[in-house]
Amino acid sequence: MTALQRLFKFNGGVKPAYNKEASTRLPIAVAPTPTLLVIPLHQSIGGMPRPLVKPGERVLKGQRIGGADGNVSSAVHASTSGTVIAVEMRLMPHTSGLSAMCVVIEPDGRDEWIPHGPFDFRNASPTQIHDYLRDSGVVGLGGAVFPSYLKLNPEKQRNLDTLVLNGAECEPYITCDDVLMRERAATILQGALVMRDMLGAGQVLIGIEDNKPEAIAAMEAAAHAVKTAVGESSVKVVSVPTLYPAGGAKQLIRVLTGIEVPHGKRSTDYGVQCFNVGTAYAIFEAIALGQPLISRIVTVAGNVGQPRNFEVLLGTPMRDLIALCGPLPDSDRVIMGGPMMGLRMPDDSVPVVKAANCVLVGSSDLFPPPPPEMPCIRCGECAKACPADLQPFELYWFARAKIFGKAQEYDLFDCIECGCCAYVCPSHIPLVDYYRFAKSEIWARELAKVSSDEARERYEFRMLREEREKQDHAAKLAAKAVARREKAAAAKTDAAKVATTPEQDEKKALIAAALERVRAQKEQIQPENTINLTPEQVAEVAAIETRRAEIREMAKPHVWQDD
Amino acid sequence: MTSYLFVVLGAVLVNNVVFVRILGLCPFMGVSKKLETAAGMGAATTFVLTMACGASYVIDRWLLIPNQLEYLRTLSFIVTIAAIVQLTELVIQKTSPLLHQVLGIYLPLITTNCAVLGIPLLNVSLRHNFLESLLFGAGSAIGFTLALILFAGIRERLEAADIPVHFRGTAIAMVTAGLMSLAFMGFAGLDKYK
Amino acid sequence: MLAALLVMALGAVVLGAALGYAAVRFRVEGDPLVEKIDAILPQTQCGQCSYPGCRPYATAIAKGEAEINQCPPGGDEGIRKLADLLGREFKSLSAEHGIEKPKSVAVIDEQICIGCTLCIQACPVDAIVGASKQLHTVIARQCTGCELCLPPCPVDCISMQAIRESVENWKWKYPVFKINPAQREAA
Amino acid sequence: MNNSPYFLKPASVQSVMLRVLVALLPGIAAYVWFFGAAILLQIALASVAALAAEALMLALRGKPLMLFLTDGSALVTAWLIALSFPSIAPWWLTVLGTLLAIIVAKHLYGGLGQNPFNPAMVAFALMIVAYPQLMSQWPAAGATDFAGQWQAIFGARPLDAISMATPLDALRTALHTADAKASVAGVLGSNPAVGVVGGKGWEWVAAGYLAGGLWLLQQRIISWHMPTAFLAALCAIAGVFSLIDNTQFAGPLFHLFTGGTMLGAFFIVTDPVSGTTTPKGKLIFAAGVAALTWIIRTFGAYPDGIAFAVLLMNIGAPLIDLYTQPPVFGHKDKRGDSR
């Protein structure tokens, strides 16, 4: 089943030490329920969900505690039954060390489920599917946590050829997808078939790096079982060469189909949709069992005695997980994710969230502090390693000097922050840090630009209004003066009875004049140089406008479809 | 035919107006911070210089020499150049307001760009005919533009370099111009080959 | 001598005529540059530049009447952009016009507000809502932090609060450049 | 504490520079064998001068001294200067050139990685413009008498006794003097400095550089683009012109194995800092250096054109890079020269 698939290559990539064996020796264990669950409301890309519970309230396992807010947002659920003891700011699993709104639940130990049951998606309208998946909180579990309902929206999909299931898992140390595929291959496949039916996709390609032969065998067996049982033959398990970052959604799509999805485009525009195997598993649980996303598989690895994978309730403090694996005394940091892209946690008390595929314990022996940063010698190693075909040293050159426009011209926003460039750099430059810095500066600037445009509009409107009020006021005064004069004149000559009240006419005329002036003024705002242009100039203006639009598009917050 | 080619090549490379004749340094230093403005300035100068060479040849040949007024040469050339610059400025202001704003004070500065006066005078002393004058003017101006654009390319990169504080800006630009001049000395002798 | 005079006079007439024609033919009206400058200005409309708003200041810059370093909310970044656009040298912010402060929004202390509407009239972007004798409040999202509402308030109930850093607006910091710490300030 | 990635590939600037120095050794060995130990003296002089200048500039600029002094970049520059200068040039010529290279061409631009011009070639060009005589006195093959060379370097003895013009110089002088009868074969045939394909002895030095360069290629310190494009373009241009008129234009083998061709191809043109970095740009850059080298060698006033050719292409490098950016992932169809 694997033999016939033609594979493609992406440029660049690196082969770091994988260190995956240690955590795959033992099967997945269920982590015990902690004494306190801290469930952040914001666990996906998009808007912060609204809290739906109050302190003191009793919640059941699977009860929605955060409701999706806005077009891109995903619900959050109680991981077990218990009492809400607080809805407050708590330290987030984020490098910034900042806090955000969390629901703190004290479990009652009864683990009592909220009533739930399967969801018949085949007889549901697209809107119902959309709402159901949104409220079941399924997001991409590969690390990007993009809400899955937005990618499973059947209305928008046309001619979807391929559903890619991402089991590549290229980051060192992480094995959560590996063991999930080994142990629960059939469920993953069921989930994949559900997604395929929702999307109306032709084939399902399951891409797995060839350093996970057990997972490939398990998935193949499951695919074979499905084939013999229901004659389903659209599923193919494909072994892909082990090369970091083959598990990036764009890189995997490239390897499996040869299609390159540019930054800012959706893969569905090219007939492909990509999900992580863990997401497929979660989709199956949500659809077939009616269970929202309340737990996930997490690899605990690095500087611990016995690395292992756990099925963890969301909200469990990382400290409790690490304690299960026998942390070593010289541990000095906790990383969420792998060593190439993982985020350094402010401390080990932060909770496991939907994005946490791995809790990596570090020490200065395991991850020594980098040697001093040397100047870039433009050797081009980073360009050779870059899977996005960028020129990292140019990006660095301009990001370091804070010349962000130039960095953007060199396609800063096509960077997926995979870390390959920094990994190979002989000058030990923290390249990715420079890109993160430049990107967040540019986003901040874009936001400032939007709000300043809004302020300009409001200011100009206010100016216009004040001008109008002034003119109205002057008109009123003038009208009054005229009226007074006329009254006096009328009294003097005693010649009364003018058919219509001139006062009103006058006022109307004055208002009309004022409006006319405002209109004329508006017209004058047109800059003179946009009239009488030659066709070339018009074309040039149009070209500039499209370029600007592109830049705006590029500068939009970068959304990974990696799951 | 080859002699015309040598006039142009000589003017562009071997006797590059900026790097070898060291003329027109003010706009060279002033308008080379960005590639686009450098190209704009180069284009404007090319236009002015070519026009100036043609006009000055006509004036010199048909007006000054017949009337034995060679002593008015410098004066009349300056007037002609000033008028052509003024004309160019008006046209640019209309057709590309941004370029006009960016070139700013440098556009009228073409008037006092010594290259623009120097090349017509060199034309006279080198006894160029009309076509040679035009080619020499255009070639020199292309050499000027080339210098400007190459320099701008380097300066755009230098902008982000960790240059010692005291050398930032014009200082390092002067050093760079010197080294570029050194490189252009490699062309020495090319126009005298056989 | 006469020939010289004639030649120069002839030249003057011919060139003068050509220039005169060009001046008419290529006349430029309006100034599109103002738009471009205005787009760079932060639109706080605070008047710290000594002009009544961002657009008047933009007009003044375009005319060459104002320096580019008079806008404290735009900061060094804004000055750099203006310098780039106009091909002028970068200058640091002029001290007499103020200093660059962290972006903040106005907050009305509702215990003290007497509902006098003076701040509503002062706000250049209509970001304060309320009516006479009623509590006023600031629409934080639309407040530009211009501080123009502070002086008119008779009871000093408006204060400026810096925008707090959150997980959403947190920015990655500039990587520590171990080689030359002085460069960070300069760059 | 640092952010991701948390572990790095073992690689360093120092090891890159060290391997470049190692790759120069075969060429240096041949140099010593044919032309005596004077070159070792020059290398020592240049190294000391370079390290001193580097230390001075680092101290003045307030940079960590040991970290940068030990990165090896100054030594690479020094060795290239020593190898491109005549080995019997007076000591002050080498030292002055090295000081100018390190101080002006390197540190005024911000030091390692930021210089737009190749420092070694700046030194060569400055010195050959200022002291054309001294820069054209090359040792004759077999003249390995170290005492005589010592005296030449430290100024006691006139140079002419142990020096002679290189084949390139001889050829250029003969063809330039408008002697209608002069031809390539005639000039080279009668010249005692000419060996099998290039200069006597020099061709072995060139072979040494070639060997070192191939090792660098194998070590992936340099990419194949630059040396290949440089050598191929030089061959092609020289070949075409010698086919047209072999009395006036020397053949490709002569060009490959005389002057600084091999040193240039693997050690000078390949400098990533002052050269281009995109694959297409590298090809254009190296071919441009080759073309200019041939033009200056054939028509110009200086005996070897590599230094000027490299500097001239250095000037254009930022623009070449700008217009040869490779297409980014997903943009392969529409990009190219769109900037």
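Residue numbering begins at 1 within each chain, and the chains themselves are lettered A, B, C and D in the order written.
As a convention for this text, a contact is a pair of C-beta atoms (placed from the backbone, for glycine too) under 8 Å apart; a residue touches a chain by one contact, two chains touch by 3 or more.
What you are looking at is a predicted structure, and each value in this text was computed from that prediction instead of being measured.
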Longest centre-to-centre distance from subunit B, chain (CA-based): A
Chain pair with the higher count of C-beta pairs in contact (B-D, A-B): B-D
Whole-Å gap between the CA centroids of subunit C and subunit D: 53
Subunit B and subunit D: spacing of chain centres that average the CA atoms, whole Å: 33
Interchain centroid distance [CA atoms averaged], subunit B/subunit C, Å: 37
Shared-contact residues (touching 2 or more other chains) in subunit D: 61, 64, 110-111, 114
Overlap residues in subunit B, where contacts from two or more other chains coincide: 97, 156-157, 161-162
Interface hub residues of subunit A, defined as touching at least two other chains: 372, 374-375, 400-401, 430, 433, 436, 529
Of subunit C, residues touching subunit A in the complex: 28-30, 32, 35, 38, 41-45, 53-55, 124-127, 141-142, 144, 165-175, 177-179, 187
Residue ranges of subunit B touching subunit D (in the complex, touch as defined): 35, 149-150, 153-154, 156-158, 161-164, 167, 172, 175-176, 179-180, 182-190, 193-194
In the complex with subunit B, residue positions of subunit D that touch it: 60-61, 104-105, 107-111, 114, 116-117, 122, 125-126, 129, 176, 178, 292, 295-296, 299-302, 305, 307-309, 311-312, 314-316, 318-319, 322
Parts of subunit A lying in touch with subunit C, wherever the complex brings them together: 42, 48, 92, 94, 96, 98-100, 372-375, 400-402, 430, 433-434, 436-437, 439-441, 444, 447-448, 451-456, 458-463, 527-529
Residues of subunit C touching subunit B in the complex: 3-4, 7-8, 11-12, 15, 18-19, 22-23, 26-28, 31-33, 36, 84-88, 179-180, 182-183, 186
